[in-house]
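For clarity, chains are labelled A, B, C and D in written order, and residue numbers in each chain start from 1.
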Amino acid sequence: MIIVVKPGSTQEQIDHIVAHIEAMGLRTDVSRGIKRTIIGVIGDEDLVRNAPLQAIPGVEEVVPILKPYKLASREFQQEDSSFEVGHGVKVGGGFLAMIAGPCAIEGEEILFEIARHVKAAGANILRGGAFKPRTSPYSFQGLGEEGLKILRAVGDELQMPVVTEVMDTRQVELIDRYTDIFQIGARNMQNFNLLSEVGQTKRPVLLKRGMSATVTDLLMSAEYVLASGNKRVILCERGIKSFDSSTRNLLDLSIVPNVRGLSHLPIIVDPSHATGRPDLIPAMSLAALAGGADGIHIEVHSCPENAMSDGPQALLPPQYARLMDQMRQLAGLFEKTIPVPGGAA
Amino acid sequence: MIIVVKPGSTQEQIDHIVAHIEAMGLRTDVSRGIKRTIIGVIGDEDLVRNAPLQAIPGVEEVVPILKPYKLASREFQQEDSSFEVGHGVKVGGGFLAMIAGPCAIEGEEILFEIARHVKAAGANILRGGAFKPRTSPYSFQGLGEEGLKILRAVGDELQMPVVTEVMDTRQVELIDRYTDIFQIGARNMQNFNLLSEVGQTKRPVLLKRGMSATVTDLLMSAEYVLASGNKRVILCERGIKSFDSSTRNLLDLSIVPNVRGLSHLPIIVDPSHATGRPDLIPAMSLAALAGGADGIHIEVHSCPENAMSDGPQALLPPQYARLMDQMRQLAGLFEKTIPVPGGAA
Amino acid sequence: MIIVVKPGSTQEQIDHIVAHIEAMGLRTDVSRGIKRTIIGVIGDEDLVRNAPLQAIPGVEEVVPILKPYKLASREFQQEDSSFEVGHGVKVGGGFLAMIAGPCAIEGEEILFEIARHVKAAGANILRGGAFKPRTSPYSFQGLGEEGLKILRAVGDELQMPVVTEVMDTRQVELIDRYTDIFQIGARNMQNFNLLSEVGQTKRPVLLKRGMSATVTDLLMSAEYVLASGNKRVILCERGIKSFDSSTRNLLDLSIVPNVRGLSHLPIIVDPSHATGRPDLIPAMSLAALAGGADGIHIEVHSCPENAMSDGPQALLPPQYARLMDQMRQLAGLFEKTIPVPGGAA
Amino acid sequence: MIIVVKPGSTQEQIDHIVAHIEAMGLRTDVSRGIKRTIIGVIGDEDLVRNAPLQAIPGVEEVVPILKPYKLASREFQQEDSSFEVGHGVKVGGGFLAMIAGPCAIEGEEILFEIARHVKAAGANILRGGAFKPRTSPYSFQGLGEEGLKILRAVGDELQMPVVTEVMDTRQVELIDRYTDIFQIGARNMQNFNLLSEVGQTKRPVLLKRGMSATVTDLLMSAEYVLASGNKRVILCERGIKSFDSSTRNLLDLSIVPNVRGLSHLPIIVDPSHATGRPDLIPAMSLAALAGGADGIHIEVHSCPENAMSDGPQALLPPQYARLMDQMRQLAGLFEKTIPVPGGAA
């Protein structure tokens, strides 16, 4: 439910409305726009269904939100969300997140080499996993805190914001000390405790779609983060399960315009995990941008055959550079901006 | 299996090789290129597995095709297939098929009106169903031959090639008298008798992917048409079944670069049936083109609310015109041509 | 829509009601029960939506059928359908169809051998394909009419009803001369012309579920047969597409009670095509019976490694005999009957 | 990899083998059977690929395990796992887990009432959620520790083992104080940290299959628990995502015999979450038992319309009692035992 405040209302009146709502057991979220102030009402709307809210002084209109997600909905916020994620890089509202890097952080030298390449090609966010969700307990599970230190060092040196995955509520505090953006992986998309936990931090969250999540499921998971107070959520399509094993997963690009109609949150696309095939990544990256994606997430490794995780699906740095050239042209055609980290765009 | 003929071989030698192969119970397909001649061997390769084909005079090399589809494979033909479909419109090899029109043919006047609009907007092939595969036996099943006559008349008047669906082997002869291109619908993608039957005509075939067909299934169905002697097959992605009911089907754009790697046949995309939602069609059309599709198939109706079939998913003529403007720009960026039917491009 | 006729109405009154309905462009289906007569109204119900049918003399009640399928619905007929399929074998309403035989008919001797085994084990319907829908145009396509003759001869000799697949409207007449039951395969479940064509014959139809058909899709396809005048339809679950390639398809047993709630038609289960794995067939056959299936369809071959089609998924005759023993016990527990063909049960 | 120890080897020899393996960086798991001792080697087998293990004194044979899961595989342990879960209830190896109870714990009185009913009907494990994974942050999230206390009290009073869901690594210690069995829900099936954490407790784990997990995915997740030292894992099929929305999920019963071939772990079936439809639960429960399931998990509520979570899919106590009667008969036919908690079977 959204309460539209009458233009010209005083702060006192707004405080009064808020107090009134909160007394009923709900939470509020006040957005002060240039033209008018809007109060989002969060929680079980049954509590106020029959309350005469319209009669409170200062209330112009009470607008119900019919979707099960509230804060994430376009009804709640009409303009695209757009926010900074670190080192001056904006995402959303016409600004494209170009995330690149290796699947796992394997060492400082190799990460440095890859990061330099992708930054030179135009990437504006560096990715790398320190804690890896591996299907097998016997596979390489990541370097842990050592990996986080490397990632931070490389990000600082190159002035790039960094993103890394968090898998456990107990890791949030540790990872918060090193990363700019938390990544929630597909397998944890409905780990609701983890969503609430990162929702209580001050860092943007890259939320990957679960392997068989509907668009509503995805937005409900975003709602968990938003409802915990964190407004900076970037959604990410990374492929869903399918009956055709010729690709690793099935990239569902239609979720991009679908989300953009339903929500103000930015949504990016990860063709690396979606296809698992470097030969399909360039075409699907261009398709994603043309379809309205707010960014592209690509795994890049300088020697995929030696990568400790997901090597075969990574692009080589020169392949990534060629693709970035094409993506830049396409971004130009659609009047989107690819921010340059750490400085002048 | 492909037999590469030695450069400079005489026609007599080629005839001898062909006779040799056919004597073993297989069929042949001779392609005379500028540099060299290639003989495709079609049928059960077990029959020649141990025959010393390399010893036949004039044979330079015997190349096995490992894919289950032979004539459809890139191994069999490296360059993109490109062919005319009527009124001077080429498809494939950089030429884009822009197919538009109503789901069903409802009358001459209304089809004329829609056709004029889409042609003016840049469409180069007119679609319309005369025999409709309807889930319910109680729904409108199409105008039949009367519809075909209307389609032909409108196509002739506007000098546009036309495409219409064939559902039954017994209809092939009738429809062949009116259409330029046969459409095989998703529900008949594995109606192998129908595939063989249209494979024996001289008209191009628009083969839609079945609702849960793999890329191999689709190419195997194309192989049925090719193996019957008809080389002009256009594949079409139109969405597959999925667990998310927010769209009618799930558009699988990754099949576009996937097919382009495996086959020389053109592949187009139908976002109308794939999404069932006019609000998603523009974004997915642009995504399809950027992903390498050889054309876009869109349902257009001047009053969708009155359409006798699939109305709600149709674009209005002005929406289609706006989208064609954007698609033209994108085609330019990717150096693709949208042929103009009946005349100068 | 169903019209319940007043008890004690005369034939004249009933004829009058029928004439009235048909004058509106609809068809009727009169069921004379012991207690009362019911008239099914078939066709586009919009035509009678506002007609005062209740006022026609003899009409007691007008009951709308809300499902899109009418004749197939439980609303239309409350008791389970039960009918003979040949050689005295009844199916439905407590009578179990035990269908067994090879995938393809390969020769008289081998079919005879398999048929004798399965009949001895308790099978009551013999299956075998003469026209095979093969994914590849280069695979064995069946023996055609020669195969049909063999099937008929073996069925007659052993007094077993036989079932074989029809793939093309042009084959209906030919196959009708040899078979007891028409099979419509999964790939043709939505070949609506073929459904209408077998609907005009007098033979029962075994309708297999398409690979991604919903329960509504399946019942709508049955409706095509029923609406053409043929009431004897047996539905068959044979597995749907899934993301787990450890089985050939995914057996969806929940469709059995689901169909039984929605429709009066019998539904059987084919674990051979559903799993593609002989090691899973016994467990899934027992599960299907316990879940309420009206029969089990199993491929049996005396030397699967030499079978010309789908060999690896066939059971050996002794495996089938062991499984039939278990199924007989389970049938006893659930008070179902396995009819013995050609004679005393 | 499994090392079979020579019969008659001394403890010293076994210790020596273990020390040898562990010195290479691997872990071991020693199973002392009646006839012989087996040492499981856990970890990255590449480390010992070329080591001459066969030469170590006491080693009879070195058997590689080809599956990606090791401890969970039938190769590792041929006999069915069978273990006690509390109050004398055994699961696996012919003993059936009959789990019943409400979705969420709502209060002591109501849980008591439901529990008494299901115990009287023959259920041997009581379920109830204290921490609920809800798609919406605004839905009832469970009573937390208060709920755990109620569950423990009711279980103790009725002498039934209890199972409840754990969603967060931080909850493991708390829940461990109250429950007999940890449940890992479908959404957390690949929450690898949580799996490792419950793997370090001494309580059995009920591991539900993820909504689009393959059989390999499920066994790999079980492997996480086993590899952490906890051998008592019960797998649970609870339906997967599907394109047919007529049921909540799609029950995949074929995973039961599939798992039983690949693994020694017990696997049970939850038709409540799988179908979401009380009318389908009885048929699917019977099907599951006939297909070889080691137990059935059913939601029961005495007034589903008032249930705070998932009410509409619950059975009423009398429906459950009738179903248990049928299941008892079926268990008898298949010579399975339904243990009676707290006393004489």
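Brief remarks follow.
The rule is simple: contacts are C-beta pairs under 8 Å (C-beta built on N, C-alpha and C of every residue); 3 or more make two chains touch, one makes a residue touch a chain.
Here the structure is a predicted model, which means the values were calculated and not measured.
Among the other chains, the CA centroid farthest from that of chain D is the one of B.
Chain pairs B-D and C-D differ in how many C-beta pairs they share in contact, with the greater number at C-D.
A separation of 35 Å divides the Cα centre of chain A from that of chain D.
Inter-chain centre distance (chain B to chain D, centres taken as mean C-alpha positions): 50 Å. Look at where the CA atoms of chain C average out and do the same for chain D: the two points lie 38 Å apart. Residue numbers of chain A whose C-beta contacts span two or more other chains: 212, 240-243, 245.
Across the complex, chain D is touched by residues 212, 214-216, 240, 242-247, 250-254, 256-258, 260-261, 274-275, 279-280, 282-284, 286-292, 329-330, 333 of chain C. The part of chain A that touches chain C in the complex is made up of residues 241-243, 245. Touching chain A in their complex are the following residues of chain D: 42-44, 68-70, 133-138, 167-170, 187-188, 190-194, 196, 211-212, 217, 220, 223-224, 227-228, 240-241.
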